[in-house]
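The structure appears right after this line, and notes come after that.
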Amino acid sequence: MVRIFITGGTFDKEYNLLNGELYFKETHMDELLSKGRNQVPVEITTLMLKDSLDMTQLDRELIARWCDECEEDKIVVTHGTDTMTETARVLAGKVKNKTIVLTGAMIPIKFGSSDGLFNIGSAMAFAQALPNGVYIAMNGKYFDYDKVRKNRTTGIFEAV
Amino acid sequence: MVRIFITGGTFDKEYNLLNGELYFKETHMDELLSKGRNQVPVEITTLMLKDSLDMTQLDRELIARWCDECEEDKIVVTHGTDTMTETARVLAGKVKNKTIVLTGAMIPIKFGSSDGLFNIGSAMAFAQALPNGVYIAMNGKYFDYDKVRKNRTTGIFEAV
Amino acid sequence: MVRIFITGGTFDKEYNLLNGELYFKETHMDELLSKGRNQVPVEITTLMLKDSLDMTQLDRELIARWCDECEEDKIVVTHGTDTMTETARVLAGKVKNKTIVLTGAMIPIKFGSSDGLFNIGSAMAFAQALPNGVYIAMNGKYFDYDKVRKNRTTGIFEAV
Amino acid sequence: MVRIFITGGTFDKEYNLLNGELYFKETHMDELLSKGRNQVPVEITTLMLKDSLDMTQLDRELIARWCDECEEDKIVVTHGTDTMTETARVLAGKVKNKTIVLTGAMIPIKFGSSDGLFNIGSAMAFAQALPNGVYIAMNGKYFDYDKVRKNRTTGIFEAV
């Protein structure tokens, strides 16, 4: 069983065709996993739907508490990419003995994004196969939570 | 660096719009990894493009030899699902000290299949994160090569 | 109000992921028109789901009878491309004072085909805008029923 | 031969994955017509790439001049939906003896929009089949330029 916590980010953004703006309505994780023909038992919980730039310390503590208190020890967290490493650091400080993988997307999955589906495929796999710890999984790669940063010019996560 | 060997299967089938039949022309792995915004360095080699029901013992030995002799020790093999476990058994007998992950698709990726992209995302991750051994990665799960079979009624791989 | 008669053809074929064959289950016209955000009132009737090579004279007379007896005088008929011109000829002989547009697709719409959606967009428009008569609408063009043939080498309809 | 003039609108908007905003880079008409397997000879000219709310009287006169002076008498104009009727009125005042069809999309075609493809299919058909005049083609319907408005609550064009 893999626990999936939804927190928002580009991953779940939708296009409002009346005003041309992006907004959150609900997560599309379930639909995405069906398309991928996923057979791993999952429990999906939407904790919030936020741009990661709007995330507060309180939000991060809430995510940490859910990760800590849930029964599962294999966890995937969807998250905006801009502050993904900050949340990863909070989780690493507060949650032990679990494998937590943060992932996201550069293009909303509702836009037919392929990076969301590719990333969730790899995040689910890393959550099952990596030893306990907190990781970021993007672009097919995984990084220890404290050895990665997002390059804002290219939009790509890279090792530091 | 992950080495990817292409052998065929539903994954790379195309639709011939003149006669309505499915056929092989070339692999679409490169295009698929670009869509997923993959950043893992890969080397892709097409060994054959075959229905897995047409695969011979000689074909399987060829795949094993390439897996054994290539420099990389993290390997993904795309393969038709019908005889994937047979090839996995040959690989396990002949290749040691490497992580080999066989994967495929139930729907051709050219049909906009999402299971191909989800599977390749998870196979790339399993190849990086699992210890040496031969595995089958389908539907988000992974299986040891000798503890899995394809259920022909549902089309789903399951543990035995 | 446009009346849409479904008769089969590549348009509505689906992929059977258990045996890799194409088959008919049901029409996807409703879903397709929703994706296109269609607002033209339509009534959709599935008369049959057949390869056009399997269509008999009796089938063609059935289609003609429905076209003739329905209340609407703007009609779209989806049809396999191989014998589309034969059915068009039967319709032209038996139905007067209506605009009937036959259309189809070279790629099943369930494969993410774009030609099905493009063709149905144009067929709906031709049905509303052309004078009474029987027409074939493919690849953005329209042809009088008796001045067109399918080029079997290229798969494209051309004027004769 | 159908002449296609590109002026912008949601149709050709793209998603900037670095800042999450929508912007114009180039038209995707060529790609869209290829997907639809279009065989109608076309000449595509990009006059501007603008939100229709930013369009000026000078812009509209430019579009009118191109429509008037080009050789073709079947013309499709892609345009933002918000002021599509205003441009249509300018065109109707200045261009005679041609069939001009304005169309657009509620969802960018780069987001896998189906309404863009459906609309261009119908606009191309209306341009070929309707008598001289200026029309708006949206959602499968066509309207005389002076008998339509966009309902801002629903985003749908309706007869007035």
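Lettered A, B, C and D in written order, each chain numbered from 1.
Heads up, the rule we're going with is that a residue touches a chain if its C-beta (ideal position, glycine included) is under 8 Å from a C-beta of that chain, and two chains touch if they have at least 3 such contacts.
For reference, the UniProt names are A, B, C, D = Asparaginase.
Just so we're clear, the structure is a prediction, and the values are computed from it rather than from any experiment.
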Subunit B and subunit D, separation of their C-alpha mean positions in angstrom: 45
Intercentroid distance (Cα basis), subunit D paired with subunit C, Å: 26
Between subunit C and subunit B, distance of the C-alpha-averaged centres to the nearest whole Å: 39
Set of subunit A residues in contact with two or more other chains: 106
Chain-level touch network, classified as line, ring, star, complete or other: ring
Chains touching one another, given as label pairs in label order: A-B, A-D, B-C, C-D
Subunit A-touching residues of subunit B, taken from the complex the two chains share: 32-33, 35-40, 106, 114-115, 117-126, 128-130, 137-142, 156-157
Footprint of subunit B on subunit C - complex, ascending: 10, 13, 15, 17-18, 20, 22, 106-108, 110-112, 152-153, 155
